[in-house]
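Encoded as C-alpha cells, here's the structure I'll be asking about.
Labels run A, B, C, D and E following the written order; every chain starts at residue 1.
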Amino acid sequence: MNRLDTGLIERLEEKFGEAVKPRESIDFTTIVVDPEHLLALAEFLKAAEGYQMFNDVLVVDWFPSRPRFEVVYQVFHPEKIMRLRFKSFVGENQPLPSLVGVFEGANWPEREAYDLFGVVFEGHPDLTRIYLPDDWEGHPLRKDYPTGGNRID
Amino acid sequence: MIRLTIDDQEIEVREGTMIADAAARLGIDIPVYCYHEALGPLGACRMCLVGVEKMPKLATACTTAVQDGMVVHTYGEAVDKGRKGVLEFLLINHPLDCPVCDKGGECFLQDYTFQYGPPKGRFKEPKIQKVKDGPINEFVLIDQERCVLCQRCVRFMDEYVGEPQLLLDGRGVETVVTTVDGVPATSQFSGNVIDLCPVGALLSAPYQHKGRPWNIERQESVCTMCPVGCTTLATGRDGHIVRIEGRPVPDRSWGWLCDRGRFGYDYATDPTRLTISFLHANPEAAARTTRQVGHWMSDVMRDAGPDSIAVVMGGLHTVEEAHQVHAFAKNVIGTSRLSISRDVPGYVPRVLNGTYADIADADTILLVGVDPYEAVPVVHLKLRERQKSKRPVKILAVAPRDLSRDSLDVNTLITHAGQEAQVLGWALSQGMGTHPAVKKLAATAPVGVADEDLTALSEALGSSEHLTILWDGLQNEVGSVLAALADARGEKATRILPTWGPSNWRGFERAGFSADFDALTSLLEDARAGKIQMLMTFGADLLREYPDERLVREALQKVPHVVFEGLFRPTEPSLYGAQLPQAGPGEVAGTYVNMEARLLSATPSVTPPGQARPVKSYLTAWAHALNKPFVADDDWDPYGDDTADLLPFDGIQAKVWALKPPNLGNASGMELVTGALVIENGIPSHILEPRAPKFPGRISPQDAEILGIVGQGLVRLGKDGREIRVPVTVDERMTPGRIFVPLGMASCPVNRLGLGAVEVARLEEVPTT
Amino acid sequence: MILLQTIFLIIKIVLLIGILMGGFAYATLLERRLLGFFQLRLGPNRVGPGGLLQPIADGLKMALKEDLMPNGADPFVYRLAPVVALFAALSVDAVIPFGAPVHLFGLTVYLDIANPSIGLLIAFAFSSLGVYGLVLGGWASQNKYSLLGGIRASAQIISYELAMGLAVLGVIMTTGTANLYDIVVYQHHHGWLWLPQIGAFLIYFVTGIAETNRTPFDLPEAESELVAGYHTEYSGMRFASYYIAEYVNMITVSGLAVTLFFGGWLGPWLPPIIWFFIKIGIFLFIFIWIRATLPRFRYDKLMNFGWKFLLPAALIYFLATALFVSGVL
Amino acid sequence: MATKEMRAERDPALTDETMVINLGPQHPSTHGVLRVRLTLDGERVVKAEPVIGYLHTGFEKTAETLTYQQCNTITDRLDYLAPMTNNLAFVLAVERMMDIEVPKRAQYVRVLFSELTRVASHLVWLGTHVMDLGAMSLFFYCMREREVILDLIEAAAGVRMNPSYFRVGGLAYDLPEGFHEKVRDFLKDFPRWMTTYRNLVDGNPLINERLVGISLLDRQTCYQYGVTGPNMRATGLALDLRKDEPYCYYDEFEFAVPTRTQCDAYARFWVRVEEIYESMKIIDQVLGKISPQGEYATTDRKVSLPPRDEIYGNMEALIHQFKLVTAGFPVPQGEVYQAVEGPRGEMGFYLVSDGGPKPYRWRARTPSYYNLQTMPIIAKDGLVADVITAIGSIDIMLGDVDK
Amino acid sequence: MLDGVKAIAKGMATTFKALSEPRDTYPYPEKRREYSPRFRGKHMLARDADGHELCVGCGLCEAVCPAHAIRVVAAEAPSDQPVSWTSRYSVDYEVDLIRCIFCGMCEEACPTNAVRLTPFNELAAYDRETMIADKEELLRPAIRK
C-alpha cells in the first residue's frame, strides 16, 4: 500500500538543497518546501519525476502558531502508482505562488483555499471566491472564525 | 536540584518534589484522585502508580519524592496492569450511575477508566448500598456510593479551611464521607468540595440535573460579589447561568470560591431584577422610556445648560462601559459633573499597591477594620494559607471588634468605633514620631486602649520588613495614617489592599473618571442646593450605598429628573423618574478590576434578560435623541499598550493631614459598629437564602443581658430622631457596649444613622422572618 | 334551408370544439397513464375512477393559476402568441371529415365544418400558422431559453413542412383531388392508401411528429436543455393554450394521417365516426410509445435529418409516385 | 467563420454576437444546483464556466465540531448517491491513523456494500444521463433496480440514502438475517434488467449521435485536472485504486478494469456500463467469502461501543459507552490521506488530528469537484445539447462538488 | 441505417414489453411498502413493564446527535410519584425532526434503551412547531401532534 519512491528525496535534496525537507508520514512521501521553491519543485516533480497527475491542494490552519497556514499539495504518479505530498508554510498575509501554470487543476482548489482560508496565490488567473458569495466577510475555515451564530427557530 | 528521567525525558527539579509534580512539569499526565497540590500528598487512591527502576513494586507518584538519577516509567505493561487493577477495584462497588450522575462527562473516574481501565469488569456480585443524595448542607449533596475515598474534601475542610465539618466514618468497604454528627456543614467554603471531588460523590444541589458538559456553555468569568475578583467559570444553559465554578490561574489562584460567589449566581433571574424600563414606576410607559430620557436630556441641556446634568457611575459596570459613559458625558452632553458612586478615598490610591502575593510574602499583616472571613472570604483562605506556612507571620488587627476566629489567629487591638485612625496614628507617632509625615498627623493619645498594646502595634509596624495592610475604607482618616505609615517606613515594603467593594472604581479611573472622594459629596450637595436638573446613576443605588442617606434623599427629591440604571429595583423607586434595566456581569463582555487593581476579563455566557441592554445601546439612543454623533470606542482597551494586567497608580499623590479627634458620642448609648458582609452585599439570591443571617446584628452577652435578649431579639437603634430596626443575635466575640450591624442591608440601612453612638432599645416583638 | 344548414354548422362547430377539447383532455390523461405504464408506474389514478377526472382537475388548476408575465416582455405579442397557436391548431380540423355523411331532416350533413375542394391545402396552411404562436411566444417572453426554443421551432417546422408537403402530394396525385372527403371516398373504392403510399406515409408520420414537436423532435421544448423552450415563462391559461394546441395538433396530424392513408372513417361493423376515432387513438398511442422510448435529436442532426434525408427521400418518393400515376412505371 | 470575419471588417463592434445564458442553478439537467455560464454563438458554445457553491454547506467546518464517529454522517451527504464509498474512505482514513485492526469479515462486507452502492450510483447516472438525452423510460427502469439495492441497504443499515453503515472499527450493525439470499436474488434478477437497459440504448442511432465524439476529455487533461474514475478510464488509462492501492482486501477479488480509448462521452458511457458488470462479479465473490452472521466490528472497546447487554450491568462497559458517545475516542496526532475508488473517481479524505476526539482538519477530496473543473474544456465548441451531454457524461454530484 | 432501425425497433419492443411487467409503484396510502425492522423513522421514548419511563434524562443522545436535534432537560423525579424507574427523569425531551438526520446514533447511545427509532416515517407537517416532537408526543409513538 505504501509505495515509496526510493531515491526521490536524495534527488530532490540534490536539486533544491536545504529548501526541501522530508517529513515523516504514515501514508506516503511527504516533503516540506520553502514557499520560494514551491513552483520550481512542482515543475520538477511534474517534468522530471513524472508526478504529472494533479491530486489536491488544501490548507490546514494552525492558528495561533506561526506561520499559521500549512498549504498541502498532493500529486500522483500514474505510471508508478505513487503519491507525493509537498507542503509549504505561510503566514497570514504572505502570498504563495500559484500552481495553475503547472497543474491547471489547481485552479479551483486554490480558489477554495483563498475563499475559505484567505491564502493568497500569486499568479492565479481568477482568484475569487468559489463557494461563498463575493461579498462574504471572513474566511470560514479559519480556526478563529466565529462559529455558533444565531439559532433559527 | 535533582535530575531524574521520566519516560525518557530528563528534568531537573527541587528536592522534595513528588514524581507527580515533576511529570506534570514535563506535560506527562499521571492519573491521580487524591493528590492536590494545595493539599499535599496522601497516597490514598493508588491511581498514580508508576514504575521506578530499581524499585521492586510500582510506586505512587504523588507520595514518592524524586531522587537523583531516578528513572520513572509512566506507561508499560506493569503500570497498565496496575492501573487497570486499581480502577477495577474502585469500580467494584461503584453504582451504575453515569446516566443519572451530574458529574458524567466531567468525571475523572470515567476519564481514567476510559483511558487506562479495563473494557469490562469481572465482578458480578451485588454492590454495597450506601446513602445517595444525602445533604452535606443546603448546597452540597453527597452520594456515598460513588465516593472513591480520596479524602480531598475531608482534608480541604479540615486542613485548608480549618473548619473540620467533614470526616471519614466507618471501616473497610463501609467507609463513607459524612458530616460531623450529621450537622450540616456551615463553612462558607463548603462549595469548593464540589470542584475538588474527582468523581460524582459531592455535587452541587442547585445545579443538580441542570446541565451536562455538552449542552452548556462554559465561559471564563469573574466573580463580582466582593472585591477579591475570583476567577470563575460561568456555566450557562438556555440563557441562564446555572453554575459557577472556580477557575485556577497558575501561580495566582487555586480557584477556591466562597459559597457566596459559587451559589449566588441566581440574582440574574431574581424577581427584584429590573428587566423592563419604567417611567415614574409606571410599567405602561416601558416602551418609550429610553426615548423619554433623551427628551429630558435635550430639554435640560437647552434650558439649563449641560453642566446641570450629573452622571454617577456604579461599580458593577465593566471598565469598558464606564469608558463609554464617560465619553458620552464629556463629548455628547458636555458636563463636568461626573462621579463614581463609592466614596473613594481619593487621597490614598498612591499607596493602594498591594497584591495577593504580598499576603504570601508579608511578615506582618495588619487588618484595619476588615474581617476577611466575612467581607472578602477568599482572602481569608489566603491569610490562613500564609499562617500555616513554615515562615512565621504576625497577623494584627485594629478594629472595633474581635477579628480572631478558630481558623485564623488574629491579634486584635479593639478600639472604639471610628477610633482606628487615632490608634494607628498614635502607635505610629510612638515609634516613628520623628518622621515629618507622622508629625503632620498630629495624633493624640487614644482613650480606652492599653499602652502595651499600642507599643506592641508600634513595634510591629516599625520592625516589619514586609507589611501588608487590609483596610475596609470605612474611616477616611485611616488613609492619611496609612499614607504617613508608608512614607515613614521608607524603603521597607508597605502594601495596602482596599477591601471595600465594588472595586471597579480603580478601573473607572483608567476609563476617565477621577477618583476624587469629594466629587460625589459635592455633587449631592449641589443637587440639594438645586443646581442640578438631571441626575443619572448607572448601576448605583445611592440611597443604599452612600454613607449619608439623608443627603442622598434630600438631593434626589430636589432633582427634577432622576434616571436610574441598574440590575435591581432601587431602594425607593418613587424617587426616580426613569428606571432602566442593566445588563449585568455574566451578560456583557468586559473587564473588571479587583482589589489588587488587576484587570480581569470576563466573557458573557448568557444574554441579558428582557429589555436589559449594555449601556452602549442607551447611550446611542440618547445621542440620537440629542441629534449628536456618538461613536462608542469599541476598540478601547483598558489594558492599554502594556500587557501587564495590574493598573498603575501614578497620577495621584498620597496626602497626609492632621487627624481630628474622633467623635465617640455620648456615653449613654451604644457604639454602632459596622462592616461589610459579603452575603449581604445587596445582590439578592434565592439559592443563598438559607445562608443569609436572619439576625444580622450582633451584641455581646453582657449587653444582651442588660437589654433582656436571650439568644436572638429585635432592637431599635435611634439617633437624631432617625431609627432603624435590627434583629440581633448574641455574639461572644463582641465587646460590651458595641452593636454590630452589617453595611448595606436593605432591611436595616445603617447609613441612615451614621457611625458612632446610638440609642438602643429592645423591641418586644420578634421579627417573623 | 339555409337556416337549417346554419344551425347544423353551428352545432357542428360546437361539437367539433367540444370533441377536440375532450380529446385533448383525455389525450393528456392517456399520455400520462400510458407513459406510466411504459415506465412501470401507475400514472395519475387519484382523481376519479382510474384518474378519469384528472383532466378536469388539471383544467381547474390551470384556470386558477396566476397569469404571470415577465418584466420586459412584449405584452401584446406575449398575450397574442398562445391564441395564435391555439387558433391555428383548432382551425385545421375544420376540413377533416369525421365520418361518413349522414342524412338528417332531409339534408346530407357532412361531418366536417367545411368541405372545400382544396381542404388539404387549407389544412397545411393553417397548421403552418401554428409556428407563429411558438416563435412569437418565444420571442416575446424576454427569456433566452424561450428565444432559443422559438428559433428552433421556426427552423424545424420550415424544414419538415417541405418534406411533409411532398409526402402528401403523392396522395393528391393518386387520388386526383385535394378534397379530404373525396380522398376518403377514393380509398373506399380503391383501398387504403397506406400500402401504395408507404414511403409517403412514413415520411408524413415522421414529419408529423416533428410538426407537433413531439419526442424525438421536441427541440423547441427540450425539457432537459431549454427547460421548457418557448413556453418557459407561460403559466395559467396561456400555458394551457399551448398545451391544448400541442395535443390538438397531435389529433390533427393523426386525423390527417387517418384520412389520407388509413381510409378515414372507413371500417366494418362499427359506425364510421367510431372508426375514425379508434384510428386516431392508435396513432396517439404510437406517439406516446415513441415518446416513452426514444431520446431527443440534437439540433444540428435534426436539421441534417430533415434536409439531407427526409426531403430527398420525399422527393424521390414523389417522383416515383408521379411516374407511377402517370403510367410510366 | 467566414461571415463573422466579413462582419468584423464592416463593423468591429458587431463581431461579438454572443449571448450569455445561465444554465442553472435551477435547471432540469444540471443534477442539482450547478450553474454553468454559457456564452453562445447561436447554439454553439463559445465558453462554458461552471459556477458552483449553491449547495455549499460547510461540511469541512461542521466536521471539525463533530467526533470522528459523528463525522461519518457528514460523509454520507457528500456524494449522496454513493454514500457507502464515502463512508469507506473516511473510516479507512481514521482506522489508518489509529492503526486499528478491523475484522476481515467486516472488510468484506464493506466491499459488498461499496460495490452495491457503485451499481446503484451508476444506475442513477445511466437513468438520468439518458433522460437528459430525452429518453424517459430508462430512468424508471434504472430506478427500479436501484430501489432493490436501496432495499438491501435499508435492510442492513436502517435507512436508504444516508446509511452511515460503516463505522470506525467495522460496521454499525451486523448483516440482517437472510441478507445473502436477498443479494443472490438481486444478482439473479439484475442481468435481465441490464439487458433491458442495453436494448434501449445499444446501437440506438439517436443515442450514438448524441454521444460519439462529444465532449472530448483526453488523458493529458485528466492528468492536469486530477480527473479520476470512469472519466479517466475512458482515455485508456487502467487506473483503479481498487487494483492499484488495494484496500479492504480488494486484491483478493477478480475483476477487470474496463477502459476505452475514445475519450468521448460514448467511451465514458460504456466504461460505466461495463463497470456495473464488474461490480456484480465482485459482489458474487464476496457472498462466497462471508458468513451470514459473525464478527462485524473490532472488539477494542476504546473504539467501538460495548454490546448492549454489558451496558446494563457492567460499570466499566457503561463508562466506555458514556465516554465513547459523549466525547468520542482520541485519535493520535498526525495526518493521513486515504482514497478509495468511488463510482465517480478517487474519493479521498485528508485528515489532520491534533490528538483530540475531533478532527482538526477534515478535507474531502471529492472526485466530482475535480471532474467538473474540466467543464470549460469539454463543453467548448459543442452545442447547447452537448453541454447537457457533457454534464451527464462526467457524472457529477453537486453534493460532492460543493461540500 | 438498417442497424439503427433495428436498434430503435428493439428499444420500442422493450418499452412495449414493459406494459406487461408488474408495476413497481404503489398506490401509496392504501398500499404501503414494508420497511426493514431496522428502519429508522421517528423516535419514541419507551416505558418499562410498569409503565415508568425508561428515559432518565442523561442526555447521551443529546451529546451524540451530530445534528444537535435533541434537547433534554432533566430533573429530580418527585419521590411520591415516580415518573421514571430512577430518581432522575427528563422533564423536557424534544426532537427537532427538521434537524434530525435519522442516523440512529441516539438509539445506539441510550444507556437505558429508552430512545428507539420506530419505522413510523410520515413526518410531514405544515409548520415548524409541529416538527418539533415533544416528550408527550414521543411517548406515544406514531402519533403526530
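One rule holds in what follows: a contact is a pair of C-beta atoms (placed from the backbone, for glycine too) under 8 Å apart; a residue touches a chain by one contact, two chains touch by 3 or more.
Keep in mind the model is a prediction, meaning the values are calculated, not measured.
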Partner chains that subunit A and subunit C have in common: D
Touch graph components, with subunit D removed from consideration: A | B, C, E
Higher-contact pair (C-beta pairs counted), B-E versus D-E: D-E
Core chain by centroid distance, with centroids computed from Cα atoms only: E
Greatest separation from subunit C - chain, by CA centre: B
Subunit C and subunit D: spacing of chain centres that average the CA atoms, whole Å: 44
Centre-of-Cα separation between subunit D and subunit A, whole angstrom: 24
Subunit A and subunit B, separation of their C-alpha mean positions in angstrom: 52
Multi-partner residues of subunit D (each touching 2 or more other chains): 137, 140-141, 144, 200, 204, 206, 312, 318, 322, 326
Residue list for subunit B, restricted to those that touch at least two other chains: 98-99, 104-105, 212, 214
Per-residue overlap in subunit C, given as positions that touch at least 2 other chains: 38-41, 292-294
Chain-chain contacts as defined at top: A-D, B-D, B-E, C-D, C-E, D-E
Interface residues, subunit E side, partner subunit B - complex: 56-60, 62-63, 71-76, 86-88, 111-112
Contact set on subunit B toward subunit D in their complex: 87-88, 91, 94-96, 98-99, 104-105, 109-111, 113-114, 117-121, 124, 212-214
Partner subunit E, residues of subunit D touching it in the complex: 66, 69-71, 73-74, 137, 140-141, 144, 147, 151, 154-159, 162, 164, 172-173, 176, 196, 199-206, 305, 308, 311-312, 318, 321-322, 325-326
Residues of subunit E defined as touching subunit C within the complex: 8, 11-12, 14-16, 18-19, 21-25, 27
Subunit E partner contacts - residues on subunit B that touch it in the complex: 98-100, 104-105, 132-133, 208-210, 212, 214-215, 238
